[in-house]
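Both complexes below contain chain A, partnered by chain B and then by chain C.
Now for the complex of A and B:
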């Protein structure tokens, strides 16, 4: 390995040179930072400045560089030196832009800048150049599990993008639920009539596509490996096992309809004249095949009146049935009412709804149905009673506020979607995770039992055989910011397994998932991370000789990247890793680190800050800010020139989950007066880029209070703040409030030790 | 049309449409075919300026729902459509572009036509009086129109009302907005009364043709 040579560069552009004493900054980098080479430049990101750095790398042998200029989020194209370890001292957004340009402020602003220079120097010396993950696999074949609308769409789109696809379907034919539809809700202008379900066309295109290999009557027996090198065993009809090398996986296992038998008041099963939506599709298909009108199952007479009941077993506040709206069923009922009206306008069709929800272009479709004479009544059905060959539907009319009833030859129940998401691994693995869950006050246990817990993917991951679930049995994906991202790298869920949706939404979802899966596969092949640190070449390494086999890393990893080897040591699957550092934060013996992000890189920065003695009236507050939301928010506060307290020192972290408690203890022991943690929202509508990272980090930090008490310190010395990227205006206020609180405390007793 | 005759029409219509009152309104009432397009958002009811006076039985969207629910008697005898001031708030605001004002007028006119309008309803009385007055002279004879309204409920109440409005009337007279000579056939007149009568006759003829055509189309 080449000899280490460190360099610091102080930029004087963007008023840094006029606002700050750069000569003193150079001194800080040389004396405290102990950099081998220190240079100032008037305009570091200019071609000339970049050429200067480049020249130092090529001819002076610089291997580590601290660039003290603007935020690490700025000028990333100019300061792109992949061959060296590099840190950034944020003098612009982090110092001069958040401080007033006044004589009184000059001294504290200068101190802030000098600290950031020292921190950048200390950080870069603790870093090495990441070589990239060497254990890569370069398989570029996609596995699509499920041959319904979502699965077929994913397969076709991936093939169009030039990738090979293996499509596995459990049943004997492609098409899923869509194939059972007589017709589908219209997808194009003028959205006035049902259209062909489109399955035959798609199935034919898949058949003709040489990129797509289809397994029918097949299931996944085993999924082993990591993105770029999955080994998947497919159990085919004959009982044999086919093996496929796979780069990335899309799970499009769809849904089943909620079982109407669970709602005895609707007489489902008591008379054949009460059907669910799938039942009506079957009747319509059979009638169309025979060229007859749709008939009553009880006596085969043509239907003269039909009542559609919406929200059956859905949006149920009591917790007995589905609590959510499935989103597709209103349009489906409108479509099914048209089956009748289009064949004979004299058939009475009534849709009983509480809130008619018609996503997409459904509003046009709804209007078309009204025009065709479908009656829509706002009412809640209490009971359906069989009455010879007809049914009595009792309901409360919510507009006229009266209890009334209707007679119908046929009653159609709009039951909702239940995801086919396999084993609920959190429930299965509840034992070790229980302590975590109890503290987080997680949502009450779902009352509804979902489908038989048969595993779909049969992953060999330590964390369980299927995708983690979120609410109501749907698989977890980053709902708010990155809806396609799941908690298993290289495996994407698409369609109604992820959330309730209709065909059009599922197709869009499937296309998006295919594109993300391709990206993940390509990145894996290059040894790079997938979203959100896409392209990151660092990966976690573990010093096994120090490991105590406590298993925290394997349990906490939000992405299931860490298995266990035969000696019960953690086994890192780098290709599955998202580089959040949660394992590093979790490790009690601190043996996990990244080349460019470790307990040391942050620890060295904490120690590099100059902590004045207790008589100086200058407290020091450490801010550990999530690089995804909090740090950009702070940068934007700077861009908008919102001032904040000069005694804070901000260190960006990959995720709150990566915060190791040693940093907090080190800071407090080192004489800091307060520590502020800034992370993303966690819980039900989490915004954490690493899904569970901020939650796990917060849980870990909730224990810090005891430590503080043990140190005889006020518990407010450590503050956890939830920050969203939009908080740039309020964040400075919150920092200032916290700084005021810290100033009201006596100085830390640990100063000067 | 005599009273008996009107009741006959009502019975005929009720018989003809049996349980399908919505169809009856669609075919018989002006703009009635818009009723089915209502989506029950209630914007019309919320926008109606008369709603605060508790003068109406059913807000428009509720009336539409009652039509769909087949509540024939309640709808036809409702006071709601007679309370409409034609401010057109509902018409302008309806997200479904239902011409609510016109539909209300259509239902009112239908109820009147088949003899189901409430007896002695002031709006209905004014409409009728205004129409007769206006078509007779070609221009509105304001004195006679006012007289007929004031004395609608008898001589006593008529005199009382006239006395109450005395100062207003005198003001109008002074400023030249009301000609007292109209009471004895004077005041403003139109130039070609015959022509106007001919025009009205032609309009009636066209309207009858249109309605007949619509009825034939509806079967």
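Now for the complex of A and C:
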């Protein structure tokens, strides 16, 4: 290994040189920072400045550099030195731009700058350049679970990109829901008539594709490993187990229709003349096969009138049925109404709806149905009653504002989608705790209402056998900007298991999921992290000899990256890891670290700050700011020249979840007067990019109160602030308010120790 | 001269909004070379002009920050801003593309210190804020702008103010003699992600947009609500600066209409539901919203969001397509029409009317210099012959942000399929 040589660079541009005493900054880097080489430059990000640094790396052997100039978010193209360890001291956005240019502010501004120089030096000395994950797997075969439209699409699109695919389908044929359709909603201009369901063509293409290996009548018995090196056991029809080496996984297990039997008022099951949308497709297929019109199941007579009831058991605010809208059923009912109108325009077809939802070009399809004579009526159905070979549909006409009824030979209920998402691992994890609580409480709660569904993936992960579920059992991402954000690295869900959607969207979704899965395999092979720290080569290392087997890291990892080995030590699966540092924050004995981010890289910065004695009346407030939202907000406060208190020292962190309480206690023991944590919103609409990081961080901090009491300190000396990236104008005010509060306390009694 | 390194294994992405950025990043993070072309001086497109997203009410700049960090960390993406594709020749696997670069009049030396902006006097319309305010003619488009470099507006080039900007710069970053240039580059596949335009509301003559100052569009309302917008986040109506506490939202303004846009734009119902939150956030119970609608399209899991707004007593829903807007003497817009539920006529005055205008694909009427199939609404259609040009995001369909990103991720794979084939052939 090359010898360590440290260097600090002090930029004098953008008024840093005129607002600050840079000679004193050089001194701080040399004396306190103990850097081997310290240079000033008038314009560090210029070609000349960059060449100077580059020359030092190439010819002076510099391995560690502290760049004291602008924010780490600025001038990233210029300051791009991937071969060395680098830190950034933020003298511009973090110091001169948030301080007034006045004589009385000069001294405290200078102190701030000197501290940031010392901190940047201390940080970089504690860093090493990550060599990349050595335990990579290089398997580039994709597993697709589910052979419906989504799964078939993922398989075909991946193959087209040159990848091998293993496709596992639990039934005896490919096609899933789409195969049951007589026809599908049109996907192309002019969007006026139903189209062929397209299954036969796709199934034939899969059969002819040498990249795709299909298992029918098969399920996943076990999934072990990590991206790039999954070992998957497939249970086939004979009872035998087939083994496959897999790089990444797409779960496209689709949906079932909501059970119409749960709505007895609609007479489903009481008369064969009430069907759900699948039932109607079956009737239409059978009729087409026989070349006959669609007939009434009760007596085989051709249907002369049909009523479609939308939103059956859906959009139910009472919580009894599905609370969501399934999105596809309006277009499906329109399509099914056309089955009748296209064969015989005299058939009465009525669609009863509250809000007709045909986005995009679906509007053309809707209009085409109106032109074909389908009647759309805004009404809420209360009851369907069998009436001989007919049915009576009672509904409230919302336009005429009156109760009325209609007769129909056939009633079709649009019941919506229920995802096939396997075991709800969060509910299973919560169950023992709830059962325990129920013993103490009065009425025992119903812990798991229904029989737990079978697992789909049978992951051997410590955190459970299936994908974590989002709202309503769907395995969707929580992020608007990142629909493929997954909580199990290298495993992506696609199609209606992820979110209610129609076939066209499912195919688009399946293509996107294939993209992400391919990317996950490629990056796992290179030892690189997946989103949102894409390309990060650092990964957690654990000093097992210090580990107390407390399991906090294995429990708290938001991505299920850590299992336990047979000796109950944490077993890190690096290519599942997303480098958030939640494990590092959780570890009470501080044995987990990253090469470029560790208890020490932050701890050394905390210790590098010069804490004046209690007589100086210069308090010190540590701010640990999440780099995703809070730190950019602080930067933008600077760009807009919003001043804030000169006694704060800001350290960017990867996520609140990575905050180890030792940093707080070290700061307080070292004489800091207050500590403020800034992180993203948590709770239901959380914005933490690492799912639970900000929540866990806050939970841990809520326990700090006892420590403070033990130290005889005011509990307000640690404050947790929720920050959004847009808070650039309000954040300085909040910092100043907190600083005023801290100044109202006596100085920390720990100064000078 | 701008130099661009590109081969037949390079993917060209046209459009640097959230779809284009996503397609570029997904491809680059899979190891592909990408050139990303954006016509504005900054990336992020229309999403960064939104105050909040539905349904989480989170801020678009939060996702932008992550995407920018991905971009900064990835050496495989070359970004060209103020750039437009003017010519495409060749076929999939071997395109030759010409890109016109407009002068920014500011080079890479710029540190975004802001001295030029302080120095110049000339003000221009603030395009980022839909011209609702003015900015200096030397400007950073927004605090989140990437590249983080100032722009000198062409209006002051050749004037004394231009010289003032140049003199204010200590870093020789202002280049007033910068010329428009055309660069030619190779690409194996092209992702077309040029997004959307709000439908031109002046065409909906009976709503008086452009004639009545207090009739604005949904995208403009986003800027009014944003603390970084022209009013500092205060919802003030344009005519007299009065607080707009009684706001009407007119759904399907120019949408689902054979005289305007035939399609449903999908996002506008949710956007208006979201914007009722802005009114509530600004004025509490004194803020009243009325949504005039045909169907509320809160599709799939967004239903919760609709139910939540519906339960707010300060939000009123009227099932009606507003027939006409008039104005009273105080400048209050009056919505006239018939409430379909119960057939009652109304003529209701509001402080401000927000037209929920739909999205028109930017490619409509644009001359893409290549064979690309579009449907009759102007959206790019998948080409069964599978050439090497793929649509992404709102260039292909009326999509919300989430679905646009999905579409862009899919488009990245389609482009990769082409360049991987080139790679196999060249290997």
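The working rule: the second predicted complex is superposed on the first by the 720 of 753 C-alpha atoms of A that agree within 3 Å, B and C clash if a C-alpha of one lies under 4 Å from a C-alpha of the other, contacts with A are read in each partner's own complex, and residues count from 1 in each chain.
Just so we're on the same page, a contact is a pair of C-beta atoms (placed from the backbone, for glycine too) under 8 Å apart; a residue touches a chain by one contact, two chains touch by 3 or more.
Everything quoted here is computed from the prediction, not taken from an experiment.
Applying the stated clash criterion after superposition on chain A shows that chain B and chain C collide.
Of the two partner chains placed by the overlay, chain B and chain C both lie in contact with A:356.
When the two complexes are overlaid on their common chain A, residue A:370 makes contact with chain B while staying clear of chain C. Of the two partner chains placed around the shared chain by superposition, chain C is the only one that A:43 touches, whereas chain B remains out of contact. Considering which of chain B and chain C touches more of chain A, the answer is C. Legend: residue contacts after superposition of the two complexes on their common chain; A:60 is shown touching neither chain B nor chain C. In the superposed model, A:509 lies in contact with chain C only, and not with chain B.
In the overlay built on the shared chain, the residue A:501 is in contact with chain C alone; chain B does not reach it.
When the two complexes are overlaid on their common chain A, residue A:404 makes contact with chain B while staying clear of chain C. By the touch criterion stated above, A:681 is placed in contact with chain C alone, chain B being left untouched. On chain A, the surface touched by chain B in one complex and the surface touched by chain C in the other have residues 356, 367, 378, 399 in common.
Listing the residues of chain A that touch chain C in their complex gives 13-15, 43, 45-46, 70, 74-78, 80, 157, 160-162, 188-190, 315, 317, 323-327, 355-364, 367, 378, 398-399, 401, 471-472, 474, 476, 479-484, 499-501, 505, 508-509, 511-512, 514-516, 518-519, 522-523, 531-532, 534-535, 628-629, 632, 636, 639-640, 680-681, 685, 687, 689, 724-726, 728-729. Remark: chain A residues 356, 366-367, 370-371, 373, 375-378, 397, 399-400, 404 touch chain B in the complex. Contact residues of chain B toward chain A in the complex are 22, 36-37, 39-40, 61-62, 65-66, 68-69, 71, 96.
Every residue of chain C that touches chain A in the complex is listed here, in rising order: 18, 25-26, 29-31, 53, 55-67, 69-70, 72-75, 108-109, 111-114, 140, 143-144, 148, 170-171, 226-228, 256, 262-266, 295-304, 307, 319, 340-343, 375-377, 379, 381, 397-399, 401-403, 405-407, 409-410, 412-414, 416-417, 420-421, 424.
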